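Chain IDs A, B, C and D follow the sequence of writing; residue 1 opens each chain.
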Amino acid sequence: MGDHASDVLSPGVPARRSVLVAEPELGDWFRDGMTIALGGLATACHAMVAVRHIVRRGLRDLTVIGSAVGGLDVDLLVGAGCVRKVICPYVGAEALASIGPFYRAAAERGEIEVWECDEGQYYTGLQAAAQMLPFLPCRGGVGTSFPELNPDLKPFRDPVRGETLLAVPAITPDVAILHAAQSDVHGNVQFVGTGYADRLLWRAAERTLVQVERIVSNEEIRRAPERTALLAAGVLRAPYGAHPFSSPGFYLEDRAHIAELVAAGRAWARDRDRQPFEAYLARYVHGAPTHLDYLEAIGLRRLLGLDEWGA
Amino acid sequence: MTGPPTVREIMATFLARDIEDGEEIFVGTNLPVIRAAALLAHLHHGPSMRVMLAHTRTNLYHAPVMEHFELLADWRAARWAEGYFNDNDIVMYQKSRRDSVFFVGALQVDPHGNTNLIGLGTDPRRLRLRGPGAIATTTNASHVRRFYIFLNEHSPRVFVPRCDWISTVGWGDGGPDARRKLGLPGGGPRYCITPLAVLDFEDDSKRLRLRSVHPGVAVDEVRRQTGFDLVMPDHVPTTALPGPDELAILRTRVDPQGLLRG
Amino acid sequence: MGDHASDVLSPGVPARRSVLVAEPELGDWFRDGMTIALGGLATACHAMVAVRHIVRRGLRDLTVIGSAVGGLDVDLLVGAGCVRKVICPYVGAEALASIGPFYRAAAERGEIEVWECDEGQYYTGLQAAAQMLPFLPCRGGVGTSFPELNPDLKPFRDPVRGETLLAVPAITPDVAILHAAQSDVHGNVQFVGTGYADRLLWRAAERTLVQVERIVSNEEIRRAPERTALLAAGVLRAPYGAHPFSSPGFYLEDRAHIAELVAAGRAWARDRDRQPFEAYLARYVHGAPTHLDYLEAIGLRRLLGLDEWGA
Amino acid sequence: MTGPPTVREIMATFLARDIEDGEEIFVGTNLPVIRAAALLAHLHHGPSMRVMLAHTRTNLYHAPVMEHFELLADWRAARWAEGYFNDNDIVMYQKSRRDSVFFVGALQVDPHGNTNLIGLGTDPRRLRLRGPGAIATTTNASHVRRFYIFLNEHSPRVFVPRCDWISTVGWGDGGPDARRKLGLPGGGPRYCITPLAVLDFEDDSKRLRLRSVHPGVAVDEVRRQTGFDLVMPDHVPTTALPGPDELAILRTRVDPQGLLRG
């Protein structure tokens, strides 16, 4: 897929590599038992094409590292039975669902392991992975129940001043899946907005796949190099790929759709009634084998109604 | 817009008066009283406050009317940004928070202001009620200049002699050096604000003490709704009401939507 | 100095604080014995107005944290006798001076203490200060002579996997002095280019003073908030304030001037001949009591000849 | 531009051939051979290399002629940037360097490729000769995929039985597991390139071994200019010359200035 103009002009010259991933190739990225980090934050910018792909394939025993304020992307994976362990300081959707219903139910029923942490401990572990260190220390958690709830958070005396700190082991995602505004075919990813903690997930992960709203030319990337946030190992073109969550500069969250998912979760959590969730999956995941099928199931009218400043 | 101040307006005003110009504050989204307190302090007496909104730093001192954004990541709230911040930088670089004040919510609070957002129940693998998680409260409460415990419910379910789990340290085992002994550099909790009352901490014991009751609330009601003995001063005043200028800012600029009056 | 338009329109309303620092107020920022971090990198972006101010006042016993590839800003301070200790993984000007001559001579003569480190150890110590931690671990230096050369770098066994790492104590500047492209009067600083490691120096320091090429409106800052790198406690308007070093987007280094400084340093290092350096100081520091006096001593013709793309 | 290859062109070509497409490399400023090696590899067979230049990441594969920038911080070199990097992020986030190759200079090298940039002399408070300092070599050499020891001088002053101080670990005390025992994740030094010869490391001992001599250099001269016994193979070839395509790229695109021919 070397599509640089000059490659066309000089057919004998080896081409700069494209890292574009076609949707059918997503299968190569994930397998049972992996540790997968999900980007974005709260109700924004989760890589939902990749998440639905994982659900559709019925992967099992995943360790899921949600974003620091983890969204219902985590909840969907838990509900679908893909998850063995969750590393995440919060799972929910704020006013739309103060806690993810599948997550809560699975945790209370002992069906998943929760690696209890706050954001400081969570980022410290990712930072250790990014620095290729076995651990890093943090102070947040000293004097609390965290070491009791999570024996991986180990109190120790610092070798310089003798203070008590917590040692956090490196948290290393096999794959990080992110959603961003744009990239060129070579993986130069740019956000609209802050990018939350996606740079750190990229730094910590073995490989990073980024969904983008649009592919742009390398020349456009070079026009604003200060905006380039990371270099992806794989880029998937996925307009509206964060739906039902928001994508800064493109669209708001789809509250009706989120409510549908939350209602399905609550039926399962309260009444162990799985039917609403099975209907949800049938319609939006198994019945929509590609991202375009999914978007058609949502409908053009709904999608174009999610613009940030529209009337 | 001319009715008497509501309890939530009184709570917001109490908090706003305690926030100083130049301090850094995060404008909450899901908690209207905290959002209003931050913005009222800023617009009333804090022109140089550092106001964090949707992962941006901004200054809204001249904003005539503040829209309300319900979700943390609503990017429209970033339109006033002076700078962007990565979430991990905010949490990790605590030295940059030395002028920051912070709010902690809780499922449970103990007599020394230690709090629990983790859940209820004694078996960690099978909590009776799984809480939402600590978010950034543990690390922030360890480091920031001071914090406030903010509660939407004042009941014996919340105020308990002992938390099932502690996710943020208030005054630990008690006493003014409790935090120093743990090595926590932040200033700790100053007040606990509830729908019934304002609590502070007695200087020597660092136990929760009744500081004021909101208008129409009896001291006995607070006592009844608290699951342990509060330190009781001889005289318990009524929480101060907003002044006309504060009420005007609240009702015309900060909260024209009426989130605090609903 | 509340100069926001609306403050003028509403005279009764308290004004947003300006952090502009006038040159005579620099005196309040520095005193003997302080730990001062110098921003920029190699031959670029050192805060030379502040550095010359320190030399002019004859401050003593400073601990100087040079930039990671430290420039001749460090060398000037060492030559002027202001420095007791240097924390810096390199001092020099690459092809223009492979090592700072004053620094080399002072180190070889035992007149300064060198806190031996490489960039990894250096950044680890600053990172610890920025995180309010007593120390952070690093791997670079394991198996080398660094712990012997610098007992502050303490080998320890990590509490998670038992690996040997070095514990680096927090390095906390009392003041960081930086040079940047622009700021508003409220301290919102923006760079042209990467800003080297200036953000970390700011994060680690108790206070940060930033020289800028130009002051811009708050509205101009808001036009590109993604460029805002840090919030300064003090901002000094200092066009050409990095001279004789370069300032990205504004001017190149002044090689003739740097050569004059290096020659003075070499005379002192080789022959203990202090006269050339005294002449340098008399002309450019003591004989030029303000930044504008200094720029006049350099001369308009020279300054305008340093543009990056000029003929 | 038609003369025979110079020693520096031969050194640059040897290094360039060892750098693979997709690897990350920093284009040096003050070291023309390393600069030329990086750019030759990129333009000749590395269209997808990550080329770091003046704290930016770029791709110069289609650049017709590369200017030479003498100073690390010359901002004009950033005009091809695809992304910017803070210096501290480059050094601290070593996991991002797992495809990176790196060069280490030295005042002294010992038989196992441990090197010294600190200085000469035994009293650390009064070195006889203060070196420039380690810059980022210590941390980078501990982590990157592999590195090269690059020397502008081949003499017994440089090749010493024992360094006065070690600033980067090569193969430590020797043996293939020397680095593993120290916990260093990087691949270690692969070659040592000097104006006389290319040295590598014997598999079992990880001692420096003569691999090839540059044209016109006798094996005995290398022996004489090395302050310890190199491992000597039965047959020592001459370092390979650049091919016509490599020489053309060097002379017309990478180094039209003739830094390698001066």
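FYI, contacts are C-beta pairs under 8 Å (C-beta built on N, C-alpha and C of every residue); 3 or more make two chains touch, one makes a residue touch a chain.
Keep in mind that what you see is a predicted model, and the values were worked out from it rather than measured.
Visitor: Going by the stated contact rule, which chains contact chain A and chain B alike?
Guide: Chains that touch both chain A and chain B, as defined above, are C.
Visitor: Between A-D and C-D, name the chain pair that shares the greater number of C-beta pairs in contact.
Guide: Of A-D and C-D, more C-beta pairs in contact link C-D.
Visitor: Using mean CA coordinates as chain centres, what's the gap between chain B and chain C in Å?
Guide: Once rounded, the distance between the two centres reads 39 Å.
Visitor: Roughly how far is chain B from chain D, centre to centre by C-alpha average, rounded to an integer in Å?
Guide: Once rounded, the distance between the two centres reads 56 Å.
Visitor: Return the distance between the CA-based centres of chain C and chain D, expressed in whole Å.
Guide: 30
Visitor: Would you give the residues of chain B that are in contact with at least 2 other chains, written as numbers and ranges?
Guide: 56, 78, 84, 92, 94, 143, 185
Visitor: What parts of chain C, by residue number, touch at least two of the other chains?
Guide: As it turns out, chain C has residues touching two or more other chains at 131-132, 138-139, 163, 165, 226.
Visitor: Output every touching chain pair, sorted by label.
Guide: The set of touching chain pairs is A-B, A-C, A-D, B-C, C-D.
Visitor: Inside the complex, what are the residues of chain B that reach chain C?
Guide: 21-22, 45, 47-48, 50, 56-57, 59, 61-62, 78, 80-84, 92-96, 143, 185
Visitor: Can you tell me which positions in chain C touch chain A when the two form their complex?
Guide: So the residues of chain C touching chain A come out as 131-139, 154, 156, 158-161, 163, 165, 167, 169, 226-227.
Visitor: What residues on chain C touch chain D, complex-wise?
Guide: 40-45, 68-69, 88-92, 94-96, 98-99, 103-104, 107-110, 113-114, 116-121, 123-124, 126-127, 138-146, 148-149, 163-165, 192-197, 199-200, 246, 248-249, 252-253, 308-309
Visitor: Any idea which chain A residues touch chain D in the complex?
Guide: Where chain A meets chain D, its residues are 4, 6, 13-17, 129-132, 186, 188, 203-204, 218, 221-222, 225-226, 228-229, 231.
Visitor: Which residues of chain B touch chain A in the complex?
Guide: Touching chain A from chain B are residues 29-30, 55-56, 70-76, 78, 84-88, 91-92, 94, 118, 124-143, 165-169, 172, 182-185.
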